[in-house]
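Here the structure comes first, spelled out in structure tokens, and everything after it is commentary.
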Amino acid sequence: MTRRSDTAITPDASASASASASASARPLLDVRDVRKTYHLPRGQTLKAVDGISLSVMPGEVLGLVGESGCGKSTLGRCLLRLTDVSSGEILFEGQDITALKERALRPLRQQMQMVFQDSYASLNPRRRIGDLLAEPLRVHPDPDGRKRSRATITARLHELMDLVSLPVSALERYAHEFSGGQRQRINIARALALSPRLVVADEPVSALDVSVQAQIVNLFADLQARLGLTYVFIAHDLAVVRQISTSVAVMYLGAVVELGETDAVLHSPAHPYSAALTAAVPRPVVGAARAAPLGGDIPSPVARPAGCRFHTRCPFVQDRCRVEEPALHVIEPGHSVACHFPLAEG
Amino acid sequence: MLPAPLLEVRDLCVSFPSRGRMIPIVEHVSFTLGERDILGLVGESGSGKSVTAMALMGLIDSPGVQITGSALFRGQELVGLAQKQLLRLRGSEIAMIFQDPMTAFTPVYTIGWQIDEQIRAHERLSRKQARARTVELLADMGVPDPARTADRYPHQLSGGLRQRAMIAMALSCNPSLLIADEPTTALDVTVQAQILDLIRSLRSTYGSSVLLITHDMGVVAETCDTTLVLYSGRVAETGPTDALFAHPGHPYTAALLASIPPLDGPRPHRLPAIAGAPPAPLERPAGCAFAPRCSYAHETCRDAPPPLVPLVPAGQAGQAGQAGQNTGAQSAANIQQQSAQFAACVLPAEGTLLLPRLLEADTAMSSPGGIILGLSDQGIQPMLSSAGEPPL
Amino acid sequence: MMIALLRRLGQTVFVLFGISALVFLVFFATPGADPTARIAGRNASPQTMEKVRQEYGFDRPLPVQYATMMKKLFITQDLASYVDRGELVVPEIARAAPVTVSLVCGAAVIWVVLSIAMGTLAAALKGTWTDRSLMMLGLVGISMPVFWLGQVANLITQSRYHDTWLFSWVPGLGYVPLTENPWGWFKALVIPWIVLAVMFIGIYSRVLRADLVALSGEDFMRTARAKGLSPTRILLRHGLRTSMITFVSLFGLDFAQLVGGGALLTEVVFGLPGVGRLTYQALTNLDLPLIMATVMYSAVFVVLANAVVDVLYLFLDPRVRDAR
Amino acid sequence: MTAEAPPPPGPWRQALRGLLRNRAAMVAFAVLALITLSCALAPLYARDIARTDPFTSNVAGSILLGRHEVDIMQPNDNPLHLGLSPIGPTGHAAYLLGADSQGRDVAARLLYGGRNSLLIAACAAVLCLLLAAAAGIAAGFFGGLVDVILSRLMDIMWAVPVYLFAISLSIVTVSQGLKLGPFVVEADSLLIPIVIIALVYVPYAARPIRGRVLALRQAEFVTAARCLGVPRWRIVLFDILPNVTTTLVVLGPLLMALSLLAESALSFLSIGVQAPAASWGTIIQDGEGLIYTRPMVAIAPGLAIVLVVLALNILGDGLRDALDVRDSARRSS
Amino acid sequence: QPSATPLLPQAAVHFPSDPHKGGTLRLAAQDSGGTLDPQVSYISLIKELETPVYDGLLAFPKFSGPAAQHVIADLAETVPQSEDGGRTYRFTLRPNLHFSDGQTVGVEDVAASFRRLFKVGSPTAGPYYSHIIGADACLHDPAHCTLAGGIETDAATRTITFHLTEPDAEFLDRLAWFHAAIVPASTPPHDTGNTAPPGTGPYRVTSYDPATGMVLERNPYFQEWAHDAQPAGYPDTMQVTFGLDTEGEVTAIENGQYDWMYEDLPLDRLGEVGSRYAGQVQIYTLLLYYYAALNVRLPPFNSLKARQALNYAINRHAMVIYHGGPAVSAPLCQLLPQGTPGYVPNCAYTKGASPAHPLPQWQAPDLEEARRLVRESDTAGQKITIVAPLEGRYAAMAMELRSTLASLGYSATVRSLTQTVQFPYIQNSDNHVQLALTGWNADYPSASSFLQTLFACASFHPHSDNSPNISAFCNPEIDALMTTAARTALTSPEQSEKDWAEVDRALMAQAPAVPLVQIRRVTLLSKRTRNAIVTLNDEILLSQLQVR
């Protein structure tokens, strides 16, 4: 790996980083400098999301990767306004949802949904699956603004079951009677009940065994193709992310350090952290050579290092990194990185 | 003459009572672990990996549990060993580390205290000497500032450090066998890589053998010398890691490997997935446990669990049929000596071998005879080939 | 640390203020509570009533009365009872407190020792008959009304079997100060101790057993076993030590409530002139100054005990230590 | 998990099955049912047994035992003719357990007293659960100011020992009854102990409920519901409440046991159930003055209390095991 | 105080020859009685304990028998004859009297004591001493009380002269009352609380802790001046212990650990005590009875017939049983208890009797008559709330009353309040109490303290917690009768007694209350105690108990 020369860096305003390939179309989701700070006891603050800007085009699948605690879930929840952001804007189809009241947000909720990691915890154990799936249909009027009838709801439930390849009889059962994969299908079905345009999936396959994981990943892919969905797909498994996403954002300690098309980011990472991340994934191939792993641990998000947030673990750290925080900037069309000394293609 | 194996497990069965019935969780598991060997135990969640390990440690104390078979550790039978002798073995000869370093330490004592405790439980050492050893061990594990770290409480350490401390504790009495139950699952990839490096280095620095339990085929491929694939409490396949990964002999192993999305090379359009889910122990079919999900399944698979048969690399197909007569219980020495690959499947005996895995491949998709074609992720029942010839 | 201390103080003051204001208002809303006639005495003339009313400030607005009472209670400490004229309530409580403390401490020693023994034994022998019978015993202990148990104890030790060798040593009901006669103090209190402790033995042994059993499934217990430690050591050094965190917080609350007057039924049944009985008498006589003082006393105690439990937590649980 | 199998039972039915298999819990339930029934049906048969009204004093009366007419209050055979003693256990249906100091049949009073004790305990438990659930859910789910206010209120209630708190309330209300706007509760109404006991135990029940709700609020299925745009009241009703119900069901028998003990304590101090109505506590109180001469008067109701509380506790344990609720409330004084 | 030269020699004289002198008397009481100030305390325990500590100018005789009803001279040399038509009383103070701190008792101490009575707001200052000239001013402005013109003293002749605004037949009784105790002029003008001011009697309080106990020791300056008024005591020390409950006290006395207990014997122990400790029992009549006050201004008892009906219906025999049987209590159907001047046995409401034709004894309830009266009064079915004290005996009596009322067709409920709360509560007309169960005992044996205090128009104070006329009864004719009876006492005590008996009958005809039982006190003494002297007014004289 060689390094890009210092001069190649063109510091760029935040928004331009997200202006990926098709600049003409309006993004479905536009995230502008979103921050989320948790206030811990003893006056400590935890910047779980620390100034993230990105945008997601309709039909795009954005993979969000990073180590545990780097703020992936927090960002995901902010995108759907499940947590209030501390600052910044989130535009869904041009409308800022950060300031909307719960009531005003409700119609928008039909447009954006979430699938969670823990397939069991995200299903109410005391309600039948049918009931759970019908809930969104009951509370939201149909597109004509009318209350959905019982029959429409039943029909829709059958449709959903079909969509995720579960038998209709599953509607009569409770969550605990299903295997992890089946439960995740149910979760997906529920998220799809209202025909959303955006689905945020927070590590939907991490808890599953590989063989089942493949089924679900396929299901996600199929659904996207069939329904023209847009995903924000959070995962820590790079292989899964690569399988499903069109572009990838790599997060470290609350910030996006690299953002670009999937293959660009995973095969020619420009950020040392992305490089270490891809290198560290064990491959099911015997004898594959592997670079020495990254040393050290992620610093506590409460005490984020000054300067570049990665400098404590960076093998190429320079003095500048310790004091100056690099901004996310475009290094080639559709590929931006937050590093003073991005890696050149190896 | 090869040295006697460190651990030789034969026909290990573990059943738990439930509502008046015995549920077989682990059935007839056999394997051998040599000195300084790393054996990978892989399988899906619930396949009985932990139970196997716990049975070896004598740590299963649910009332009414039945453990049969044999596990010879340096010639000493572990199954049914008296509590007193077990106590002496545990921690000193056989040590164990667990998946979640977060909860595996007693929260109210310092790390150092807990390591000291283990040392002093097995060796007559003063507090001071024990602490010195502890600090040394921690330093060996790559813990920065080990003396200070020893005085810290578990919650004050990061996951990676905690797992290192855990390993340090396990190694504190120089055990000859280290059982690591998913030691990296709770860790991040970058930290996981560090820990795996550490485990790999143990055999040279400490001379320990490792029984590594994981569900990640990647980890196995990188770390283990030998691999044992469990499916629903039964051995599906076992063999040297390189051989097993190169040409899996059991359809399950093959499918499992295929369903892992590749990180390099072209992206498959769809992932080859195995339909359905592993059976619950009580619903385990009489025949091959994988049969309901297997596209090669046919009548022979349904009657009885297929025996573990040696698998011969592609060039030595002739020997396959002959070895097929052996049951798993027999000729342990043979197996060891041949260091061959075995699969609990009727296919080798029938002379039908799976195609070798295409590494870095243009994906299995394009390979005409790949088993993957037959697998579907839709519907509960996979399409079953008609009796007789599998679609090869 | 300083901030935590201040916050605690603020909370205490808030709770004390809340309770005192509540008690004060409820008292004045209660019919028959006007103490003037009682202070003035039977058949007193209207003029005498007037004098009393003025002297005690009953003619002043409630907030002023409240403030005066608080001042007398906390600052000058010369608040006098409305029922027994001239009796100062602060010294009265100071005299009653040692009785209650003697009662509760003794009982606490018994219940802590026995419940730890029972709970640990039951957890160690989980699923056996010993376990089941110990726990059933605990349940029976929980199910007995303490005043009834006290009465039955009295019946047995004071009357039915008093003349036998078994209980002939039992002194008559009442309290003997420790400073006066330690052996008499012990003899007078040992039966009340046991009676008071019975329920808590039941509760604590069951809680402890449940805790230990739940802990035995924890990863760290498995680790301890994998280390090759002896079962006793695992149970005591790892299990019990960790369980102590729950145990202590329970204990702190119960102890505080009892010292704060919660043991009144025991005190009533055994004729012990403790705080609980004093409070009860104050309540039945609607003796506001005494009610106020005893309620404040018990509130202070409970809040104080909470603080102590918090400090104990710091010792027992390093996780809490770091969270502050 | 094949499609043809009939839908297996829901969680509640499963819990019921678990409970039915628990032998100790079933025995406890039987005992409870037996006592409850025999008390509840007392008006149908107790009068035949007692042959006197268990609520009117009968000191000057006499009864026919066998062929002898016997005074209920028997003069003492001493030179000074001091004192009279109520008749002791007779071995006959009438005055089976003897009389109390007012000449009333203790056995009959035990049955009638049980009606009140059980009624109060059950109602108090239910009322307490309702209040606690409302408070716990409000505090836990809505948080913020509601939580702060409720929590502070609970703090204040916690700071006073439960029994002292109950006694204070009782003394105030027993003297004058309760007047809350249009609602007037007579001083001798059973509602007073019910309300007081329920109120006093609210913090005990509300705390685990609040804790449970706090956990539930963070639960992913609640987040999922929010994400689906389900209104808050629906979340409370369909997501929070059903999951709190297990806690409530487990708390129920426990609270009833606590209420029974509290009721007996209040009645023992004469500030619970008011004469002429009786409860086990008042009977113990009646027996206090007779403890040395006619101990049965105090012992019998005490045993009844022990039996019922024990059964309730066992049942509560059984329910907890069946429903698998970990964070249930502790038993306490 | 120049005269405070200690006069030890006389006081220090003991009678070692008397074998019964000396020793420690151990007394027990459940609770302390609060303040020790003799001019403030209104608790009978304190009065009983301080009887041998304080003296007034006059005293009730310290012996038993019928003659004990009339006051005798104590600190005064003689009981004076009234002058000026009952408006002036002239006393001469005995010489050589000393307080327990050595000060000589002077006439100024006497005057100061009476002023102090007002300054400390003694409960009886108004009712008993308001006839003294200047008392009104003192009641209104206690701080500047002078009683100018009311009390004149002459140190030279040791005379003290009282001037009254109007004649008061019971003035002498009131001078013998506990609150008229003479304390040093230097005693602070406020409730002395836990310290007892110096007194003149044979004992002094040397320590007091309301929670644990009290010790009385000999007053070194005491010398007996009139055995009948204030006899020298036998025990050297009297030790009082507080805190035991009554059951415990009984056991302790049975076991010889204590000599005397203040409380009544618990009823369930009567049998045991009567059979095993009969020799140690003292039974004596008290001027104490229990009655149900019927509010004559509230339905249903604004109907005379309803009141009479209840009087007929109540089973006084049951009441007797509640109080321990006939040996301990007696049915009472009149408003003057046995033992008071003017008492004539008289029962109007019993089977076979009527107000016009009373019988001397209560026989049996007359339910038919009662039901007839209720019918006539047309009050059946009305609701009645009985307000009773919470304590045991009252509770039983209240239940009996409730049953009786129920059998008469009323719907009756009982409301129980602690005694300390109930007593002011039932007096206040604002609380609209229909029927109150209570007891009354006189401070000193006089008919008026029962009849006038409880049923005169003047003792009804609406809206006040201090209104002893709980029945709110006011009958001008009977009021006039009472005034006459009181006035006659000044001139002709015998006639007065007859008049009071007449008042008693007249009142009962109006039935403003239902008298229930008069009780006798049963006191258990330890085996070693001798010489129990029971007086009408001071019960057992503790100072006269001898211990071995």
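Remarks
Letters A, B, C, D and E mark the chains as written, and numbering starts fresh at 1 in each.
By definition in this document, a contact is a pair of C-beta atoms (placed from the backbone, for glycine too) under 8 Å apart; a residue touches a chain by one contact, two chains touch by 3 or more.
Everything quoted here is computed from the prediction, not taken from an experiment.
Where touching is counted per the definition, the chains common to chain A and chain C are B, D. Steps from chain A to chain B, minimised over paths through touching chains, total 1.
Chain centres here are C-alpha means, and the one lying farthest from chain B is E. Counting C-beta pairs in contact across C-D and across B-C gives the higher total for C-D.
Chain C and chain E, compared by their mean Cα positions, are separated by 40 Å. The centroid of the Cα atoms in chain A and the matching centroid in chain E are 90 Å apart.
Chain B and chain E have centres, each the mean of its CA atoms, that are 96 Å apart. Chain D and chain E have CA centres that are 45 Å apart. Residue positions of chain A with contacts to 2 or more other chains are 167, 179, 182.
The residues of chain E that reach two or more other chains are 247, 390, 417-418, 421, 425, listed in rising order. Multi-chain contact residues of chain D (touching two or more other chains) are listed as 1, 3, 171, 175, 291-292.
For chain D in complex with chain E, the touching residues are 56-57, 59-60, 73, 75-85, 101-102, 171, 174-175, 186-188, 270, 274-276, 289-294. By the touch criterion stated above, chain D contacts chain C in their complex at residues 152, 155-156, 158-164, 167-168, 171-172, 175-176, 257, 261, 264-265, 268-269, 281, 284, 287-288, 291-292, 295, 298-299, 302, 305-307, 309-310, 313-314, 317, 326, 330-333.
Taken together, the chain B residues at the contact with chain C in this complex read 57, 59, 63, 83, 86-92, 95-96, 98, 100, 103-110, 117-118, 121-122, 153, 155-156, 166, 169. If you check the complex, the residues on chain A that touch chain D are 77, 80, 82, 102, 105-107, 109-110, 113-114, 116, 118, 121-128, 131, 135-136, 139-140, 167-169, 172-174, 176-179, 182, 187, 190, 193-194.
Across the interface of their complex, chain D is touched by residues 247, 266-275, 278, 281, 283, 315, 317-318, 321-322, 324-328, 390, 392, 395-396, 398-400, 402-403, 406, 413-418, 421, 425, 522 of chain E.
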